[in-house]
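Pasting a structure below so you can have a look.
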Amino acid sequence: MIELAPNHKYGLAIDVPLMPASGAFGYGDAYGDLVDISGLGAIVTNPISLQPRQATQGRRIAVHEDSFVVHTGWPNPGARRVIRDYGATWERLTVPVIVHLLANHTSEVARAAALFSAVPNVRAIELGFTAAASRKRAVELVTAAAVEGDLPVIAQIPFDRVDDLAPYLARQGVDALTLTAPPRAVLPVDENGEDPGVARFGRGRLYGRALFPLLLNTLSRWAVKLPVPVIACGGIASPDDALACLTLGAAAVQVDALLWRDPSLLDRIARALAKPRAAYPAVTHLLSPNEPETEENV
Amino acid sequence: MIELAPNHKYGLAIDVPLMPASGAFGYGDAYGDLVDISGLGAIVTNPISLQPRQATQGRRIAVHEDSFVVHTGWPNPGARRVIRDYGATWERLTVPVIVHLLANHTSEVARAAALFSAVPNVRAIELGFTAAASRKRAVELVTAAAVEGDLPVIAQIPFDRVDDLAPYLARQGVDALTLTAPPRAVLPVDENGEDPGVARFGRGRLYGRALFPLLLNTLSRWAVKLPVPVIACGGIASPDDALACLTLGAAAVQVDALLWRDPSLLDRIARALAKPRAAYPAVTHLLSPNEPETEENV
Amino acid sequence: MDQAPEAGEFMLADLGGPVREALFPSTPVGDGFDTVVPPGHGATRLLPGATVDMLGPLGRGFRLAPTGYPIARLLLIAGAESLPLLGPLFQAAPSVVLVVEAATRAQLPPPNRFPPTVELTLVTRDGSAGYLGPLEAEGAAPAGLERAHTRLVELVAWAERICVAHDPSRYPALAALVKRVRLQPHADLAQAIVRVPMPCGAGVCDVCRVATPRGERRACVDGPVFDLLDFLPE
Amino acid sequence: MDQAPEAGEFMLADLGGPVREALFPSTPVGDGFDTVVPPGHGATRLLPGATVDMLGPLGRGFRLAPTGYPIARLLLIAGAESLPLLGPLFQAAPSVVLVVEAATRAQLPPPNRFPPTVELTLVTRDGSAGYLGPLEAEGAAPAGLERAHTRLVELVAWAERICVAHDPSRYPALAALVKRVRLQPHADLAQAIVRVPMPCGAGVCDVCRVATPRGERRACVDGPVFDLLDFLPE
């Protein structure tokens, strides 16, 4: 049993330190028999806003070598419709549901959090921020979700805001942190796809193996140091990757859009993580972020 | 002819917008006949400090999939010894030499810059900063190099400090910016190498294709917007990559440690860049960083 | 593969990239299928005999008729580039008429590529061969040319099913044409396929959203074959 | 390949990873060479007949003698794991003695792997076979065992050249032994190879720096074969 919200009155206990990342798994029923949800620790929903949102027009994905960028504008049917369509499904799940909210306006976040609090088996709110959200605004959004929602609040930190936001939000009462949301990136567009010649670059959220070395760095610098549990997210593509994140102090891992290529990845990681914790390899050659740095130990 | 220091009294004019990155090419003579230096725009030296530095002990490289991290502690024989050993070589080169200085203490940087100013054909100083350097400190270091050295000063910006440092240094009088220095990363160590079982993780500067999508994002957000020329650096591995950087507004490119695998990359990029500039593809689907963002144009 | 995809359905293939790619059947072959991919596509780098991991069949394909009610007269309408998507339907009814539109003569497919039972109607937008396009344009034709529209109206009136594979920007006008000719067209009378990147194929990623006047649909689970009338302008 | 690497020289091979890897010759074969890589190494995934892009030969190899002054008596000293590095020297002189040290019997190489002209001296650190190691340890041996050190001193006195491939942490002690036995050893009398990752092979990256009491050296250009006496403690 892993407790992801030790400071919260209800807590957020999960059996297996594994869940899909927001945006990678839909609302729970999309993969049907391809994924055994009962083997996961929790599911995280696609991003949801209070009001419905439509998709952006134009190119929404660009693939180049081992990476891809996605730019959709986070379309979703809005909080009420999601509850109507998926509330019953969630109630039947044997694992907790974590609802991911697009954190835009405090009033909207507050109302959405209140709505989802009343849905059986919704056990936490994860907030996604814009990359430009100030510290002050991020705390307001977390507070809005926590006060109105009564549920543990997890903050998914923008890729390049960890040093700035993670310790700050942890001190200001967030229950857990997801490190990190995908970075923005620009990819040259391979001209062999559906619309040759239209665009040479695509911009969007970056997915792929590229993120993993940077995720490990973030974890090695922060996971042990922060006073709240850290959920690792970014480029995890194998059971070994998941174990590496736990070894560096993550309390759990999220598998992002790489699972579209291989939905069975979730089951394979679940099996690897079900082995006893003592079997995880130990960190040897890595500086703990709390230790002073010297020529010898960096 | 590309002018990399338009605001400097001497300027820094180069014929081809291409050079090796600091640390990738040694001090100019290492690759011998494998690279035709006269086809480059300039060379950038390995990082140099005023005093000699020794290498770190222990693991210095870790390779995993398409990426690798390097951690050496920037050993070098110190400024005076470098000048003694390579001054004559540099004088014979038909392209400018850019000396990369490890920017640690203002007094050391000032003295090293003064020494290199007196060396024939050394035409600019590039400064490397620690990731933790404050804005104030960075400006002091740039000023120290500029005042004592009389040469154009290029600042190589740490990977995660672009938003913070690049516009600030550009306003405070730096002549050009290299975006960016390699990020820190942690890699799982493949246990098939020289010392099996010793360490499970390696930390250091990250190199590989992983950096390229993030470099393009940085360029698309900043290259056109900044008031000084930008030199692109990070994960460039083909002539197309170099062209993509120039298309996004970079004035020149640096090829980093990927050239160790393929030293001929420099010659191949040089040939591609020698073609007339009008042949570069145009940006179509990409927001200029100066335009306001709307649902339509992001 | 447990089952081969039918017309308009697709397989998600792992071709070595970071996301899967949708492969549509162009010709059923034994238990499997042939597929047509653009030049330079990842699949062209596969060696003969290579094993490809695929998920599927996925999506809603073309729906010809409920079992027991076979149709006799099938109209197929294709842009030259999208033509392979209709390949599995070339022999799906006793009487099949195929309308193919291209920009110019050189882009039309060679007529010997089709089974003899398919009646071919060729259209070029520059009038260099066959009827003069575009399909939905009315009005007098220049001397020596005949408008495709006139012929299309006849065929739409004749058909029991209409299956379209073309540039989706043409679907509103084609839907309007069907609506005008058939007045009360029943659901699924005319169906149209939309080809967009579908990285997840499971309704998860929202990359494949298709805007219609009746709201957004996801190509991978709501389509890729839609009722053409979903595209009818409001 | 223009030229095959000689003993102690290396090729930098592009095995598909982001950096090249150093391959050392273990046996010259025609124009090329055999190489021994650890289990799991990238090279083990190569298919037979695969073409590998290589740079080289690089580095300073073992220097046996100036042309015209062939040596007659060659001493080779290897740790079991580093033994393949000395392979190209097994027949480099009329009289070759090879000392191989392993932790235990099972790690010793099978004697039939060597040409009959090589005189083999086996050493184990646990005394399970051959002489009792470690090589540089003096003093009385337990009953029934004989110290390797005694034999090694004889061989060092006998040899015209000594080539070592072992764990570099042993080099200071081995250098001290040579210095003690030979008093005024000339340059290059004893040479030792250091195997470290060499990603650039050009003296650029500083990854291959080797600390010696006489200052840092780069394995790729100053080595990988060094004068053993460079490791002599100050």
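Think of it as A, B, C and D in the order they're written, each chain with its own count starting at 1.
Going forward, contacts are C-beta pairs under 8 Å (C-beta built on N, C-alpha and C of every residue); 3 or more make two chains touch, one makes a residue touch a chain.
Values in this document were obtained by computation on a predicted structure and should not be read as measured data.
The chains touching chain A as well as chain C do not exist; no chain touches both. When every chain is reduced to the mean of its CA atoms, the largest separation from chain D belongs to C.
Centre-to-centre spacing of chain B and chain C amounts to 51 Å, using the average Cα coordinate of each chain. Rounded to a whole number, the gap between the C-alpha centres of chain B and chain D is 38 angstrom. Between the CA-based centres of chain C and chain D the separation comes to 68 Å, rounded to the whole angstrom. Residue positions 57, 66-67, 209 of chain A are each in touch with at least two other chains.
Chain contacts in this assembly form an open path, with each chain touching only its neighbours along a single line.
The list of touching chain pairs reads A-B, A-C, B-D. Put simply, chain C touches chain A in their complex at residues 14, 17-20, 38-42, 55, 195-197, 199-207, 209, 211, 216. Contact residues on chain A toward chain C in their complex (touch as defined above): 23-26, 30-31, 34, 46, 54-55, 57, 60-61, 63, 66-68, 70, 72, 74-75, 190-194, 196, 207-209, 257-258, 260-263.
Only residues 56-59, 64-67, 69, 71, 73, 160, 163, 183-189, 198-203, 206, 209-211, 213-214, 216-217, 219-220, 240-241, 244, 247-248, 281-287, 295-296, 298 of chain A touch chain B when the two sit together in their complex.
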